[in-house]
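Given below, in the form of structure tokens, are the structures.
In what comes next, chain A is part of two complexes: it sits with chain B in the first one and with chain C in the second one.
This part shows the complex of A and B:
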């Protein structure tokens, strides 16, 4: 510790609590609760010019943000991210926070009003930096489009680690007829979600990449409540999101995403159009009866109507009928209720179109009011 | 030094050397020699066999029997290789005796100093034949009783390599004890006595046909005192194959399998098939690494089993392995289902022992057969041994619910301790019930029944999982595809791999490749998809754990009684899903003894 302490450089600044919290609350999120490398539990503080930079990393992704501050002595250090955040959070509204580290000291002093905290620090130059390498392709995406790409697919991301290449969103440029699109796809092997937006200028040559689940979650939090555009830079191994006050750099999943287009059915000839909300509500109600973990519900389509039902030897039976625009042969098909509900939560239009082949084959679900989205569900069989 | 000395010529080995090499196959240590000699004595019709060893059997092995003896003119032939009086069927199909190859005596004679003294009823005196290093001297008259006495001194005196690899004298002696105990277990009609370095190691009398003809004295000797009290009788017969035995209660388990004795046609054997059958039958009752106790005796027509597959005859091969496995698994499962709510009395005994720290560990008096029977009767479920709720497939069927107030085997609830245990009074004493463990098993059996009734739901896979497997793994999985489908797993061949099309919905997104490999191993070894059942049951077990009452919940007497009554009608309620006991019984007599009232 002593050896480290001698290398620390002085730093001194004052920052408003509100400004600090705005960035720190995002940045500390990246820090894992448990770390084998001590410095990864810390946030890097970098006082330069009239700003305080805050950086955290888990070696897979790195989030840097900065806020205006009154810097008396420019310098760099690191302190425990979660402790620093908790202190800042508990300080009263409107506080001004003074941070100071003496040259050669292994401690940072934090003072606000009559509170003084002394936190152990590790030298800032030992903080692992994620190289901002030359990223081949740069383009700008409207925040609304980015939200859409994430929201409509992330529920289908797999959490099962052996098929690691499914643990993220597959982002790539695609062609939908004559128009070029930026497309996001996620699947866990039981269901799949696909959504596309207009291809931004400059994204034509982007490599197809798999963005890890944690990165997806972090960038989604960062763009909540903001407007405008996000600049994205991408190479085959990295992706970088640049916002006004923050930069997120992340490694990408090194793997091959399955050829998803092959599993999206194109010839399903039994189509039903349902009112979205009554359908979702019926599934939710009927699934109350499915006590087991895999909550199975059965859908029966007949001309003019659909029946949602569930049977449990312990909890009884449930049946609910809903209107359906269906003209084909009667068809019975089972699904995991949770899969239906996850998907229905992302259907914004008033209606949903269910295209089926038979009780064993992939079923395609579309939002008639949103041509850019498609969902595939595999049936459950009893 | 190894020199590059050109090519060595091929030459025929001298006979003595060849015999010594062959002997090593049969007699690899003193215990093996003892086994061969005692089997000879049994084949000679002995009713009493005495064994003495010194120096772990290396210095001396002496086996004396009261069997038929060997006529004088056959003594010299007896020690020649491949000479035997036992093999009547030269096709090796019907082998009725323990020995048949004519190898034991010459093998022992080749590696030790052998003296064979024998007297037949028609001869006025015994004859003694001495053999050293394979060369017999002419027989000479000697004193001796009716029967045969074989003495082997200086075992391996001419095979230093073998001697070097022997374990300590003590360990070799223990192995002799083990071998003889196993033979004693297989032959209840023969009295055995073993003397180690001049001291009696054990002695068992010839026993009658009590307790399925298994011999309670030797069971107690080999399996320990707790076993008889805490085992259930197994009996089954099908197509000329007869199984008898005792299966230990799940709560009497060990962390090793050494107390699993398998006897096939009176031959103690190590058999993977029978061990696997035990594993299958206890699969849902024991923790993964625990092993049940059991003595199983299988008698089947001699031509339905091949004993000539192992030099020391430690393994056998069944003609119809599937049928034998089915019989054993079925019999064990139905026995365990009938006795599933029992908890080993040793659990209660251990608790009592803790309660009297000041009294020297005087264990309770040995339990006689009558008491064991009484224990069985007491522990028997309501409705007798063949209650309507017993189903061999392991599903619980709702049985008759006893009228409230009428006491079942688990008695009447009196109080709750620490918000976690129910105290109940029975006709015989008191019972302590771990309410969470007990309720967990009840909920679990309910979920299992639901699964069996409703079928296993299968989630079809959008991206079928291709799993690379070794050819034998792949073959065994595809052979059992039908059964796997019933359990929710649909596999199909895919080039050299298999592809999983549908998986049990209950397993969520669990990785399939490791499951498939475990399954292939189970199927190859036991013929049953244990890993898959285990996976499904583990998912149920987690649900059961969440769905059952926890400690800290205060119950009314009515709720406690209801719990006791449901335990009595639930399969395997003697242990929770993790193999822990759900209740402990303390006898009134034992409680009274705590207060010196007895």
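This part shows the complex of A and C:
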């Protein structure tokens, strides 16, 4: 601390608590609870012009945001992100927060009303900025489109470490017939979700990338309640999201996403159309009985109806019948109830179309009201 | 220091097919769902000699080896073999972490003086009970055990000892480390890092700056610091108690006299855990390390009666050093299986 102390420069500003919290609540999220490099536990404060910049990183992604502030002395420093956030959170509504660091000091003084906190600091110029590379592919995506790309796929992202290349959303430009689309795909090896939106201008030559789960979660939080567009810049190893008041830069997952189109069936000839809500509710009820972690339910399709059932050696049996528009041979097929429910939560229309080949082959699920989405479920043997 | 075994069945699907159909033995063959499109799931060793590999399109495989015999997969047979293999592994330790149907980690710390000897017996018992060959790697962490199982395939057994680990890792190309894909490899090479030795000499923060948290993981692997535990993949399926005797028990009467306290202990634990099993196991360890188990369905009668019947079922093979009693749920009850998307 002593070695660093004499290199710190002065900084002095006043910021409204509400403004600070708006950005700090997002930024501090990025900081990992455990760090081997002490400065990574800190948030960088950068007072310039009439704004306070806040930056945090976990070396995988960096989030920078800024808020209006009254800057008396421009400068920068870093303090513990979680401590700073907790203090700001506990201060009363409407507080004004004064931050000051004296030249050569290893401490930041935070004052609000009658409260005074003195926090140890590390110099701002030692904060590891994430290297920017040539992010020459840039395009703008409507916020609604970005939400759609994320919401309709993220539930299928794998958490399994061994197949790390599935730990994110595969984002790439694709062709759907004559239309060019921006497509997002996620899979955990048991289910797959694919969604597309119109290809934004300038995205035609974007590299196909795998955006890590944590980055997906952070950008999704940032665009909640926002309208308009997000600018995206992308290279083979980085992706950058630029919002009005924040920039998120992230590494991409280094790996090859599997050829997912191969597992999306095209010739499944046993199709059933079900009312979405009664189907999801029936699966949810029946799965109460399913065993342990597997949560298997069995679907039996017959002309005009479907039966959802579950059997457990310990918890008993359950069966529920629902209406179904189905004309094929009777078919029995098992699924993980969790997978059905995750998927049904993203079906916006009133109906769902289930296209099957047999009880052991990939099953295609479509939202008849949304041609841009496709879900694939692998059955369970039950 | 832990002792970890990584067990990897050799060309598993192909081996099951060759076991069940003598006509397929010793010839280039591969298991593939479809001959026209689709990919090779597993290739036999004779097929590998032609360059045929898993995940290769079948069309390409047939180009490399025109007389390649393609066999459609029989998943039920593979599952049955896999269950049998897991049952053998769980006779050695409950700490079995299956990675797939044909691969698992076992934590065998404290199970006798030689993990290598144990791995050899494990391989032999799998061979005897399933007719299938496995390769095993033995070391003190998961990453090294997995590397070791690759060293001596097929039907191999290789050990990486603590005093050899750093030298082994130093020679290992970075591409062989878990999580290093083509782009990370390029980046590492650009930074002058080609082998484990280069990773070992760089400071941790340099690798972290280069690759993020994957860099930290890599640095630890290269230093043989892999403390990931072996995590059994299933909820409690068994409960057991055992006692080791200072003086070996000689004869069935001495063994029978030692049963009541064990049975009482097991019953108390069953009540505490609220666990209901359907199979009773009697475990007998003869000097020095010969382990035998006897199993029977658990009747409504007291556990002690069941244990006595198991003991009386056949003669002892010698003085008994350790006596154990356990109950379990038999595996055949859980027949649900989530199928995997054929992503390759």
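Here is the rule we use: the second predicted complex is superposed on the first by the 381 of 382 C-alpha atoms of A that agree within 3 Å, B and C clash if a C-alpha of one lies under 4 Å from a C-alpha of the other, contacts with A are read in each partner's own complex, and residues count from 1 in each chain.
One rule holds in what follows: a residue touches a chain if its C-beta (ideal position, glycine included) is under 8 Å from a C-beta of that chain, and two chains touch if they have at least 3 such contacts.
Since the structure is predicted, the reported quantities are computational estimates derived from the model, not experimental observations.
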item: Superposition on chain A - do chain B and chain C clash or fit; value: clash
item: Touching partner for A:251 - first (chain B), second (chain C), both, neither; value: second
item: First, second, both or neither for A:191, with chain B first and chain C second; value: both
item: Touching partner for A:312 - first (chain B), second (chain C), both, neither; value: first
item: Partner chain in contact with A:115 - chain B first, chain C second, else both or neither; value: neither
item: Touching partner for A:237 - first (chain B), second (chain C), both, neither; value: second
item: Of chain C and chain B, partner touching more chain A residues; value: C
item: Partner chain(s) touched by A:158 [first = chain B, second = chain C, both, neither]; value: first
item: Partner chain(s) touched by A:37 [first = chain B, second = chain C, both, neither]; value: second
item: Contacts of A:296 with chain B and chain C, given as first, second, both or neither; value: both
item: Chain C collision site on chain B, chosen from 329-337, 347-355, 401-409 or 419-427, when both complexes are overlaid on chain A; value: 329-337
item: Shared chain A surface residues [contacts with chain B and with chain C]; value: 162, 187, 189-192, 258, 263, 292-294, 296, 313-314, 334, 336, 360, 362, 376, 378-382
item: Chain B residues touching chain A - in the complex, by the definition given at the top; value: 446, 449-450, 453-455, 457-463, 465, 502, 504-506, 508-511, 513, 539, 543
item: Complex contact set, residues of chain A against chain B; value: 158-163, 187-192, 258, 263, 292-294, 296, 311-314, 334, 336, 360, 362, 376, 378-382
item: Touch list for chain C against partner chain A, complex; value: 75, 99, 178-179, 181-184, 204-205, 208-209, 212-216, 235, 276, 333-344
item: Chain A residues touching chain C - in the complex, by the definition given at the top; value: 36-37, 58-60, 128, 162, 164-165, 187, 189-192, 236-237, 251, 254-256, 258-260, 262-263, 291-294, 296, 313-314, 334, 336, 360, 362, 376, 378-382
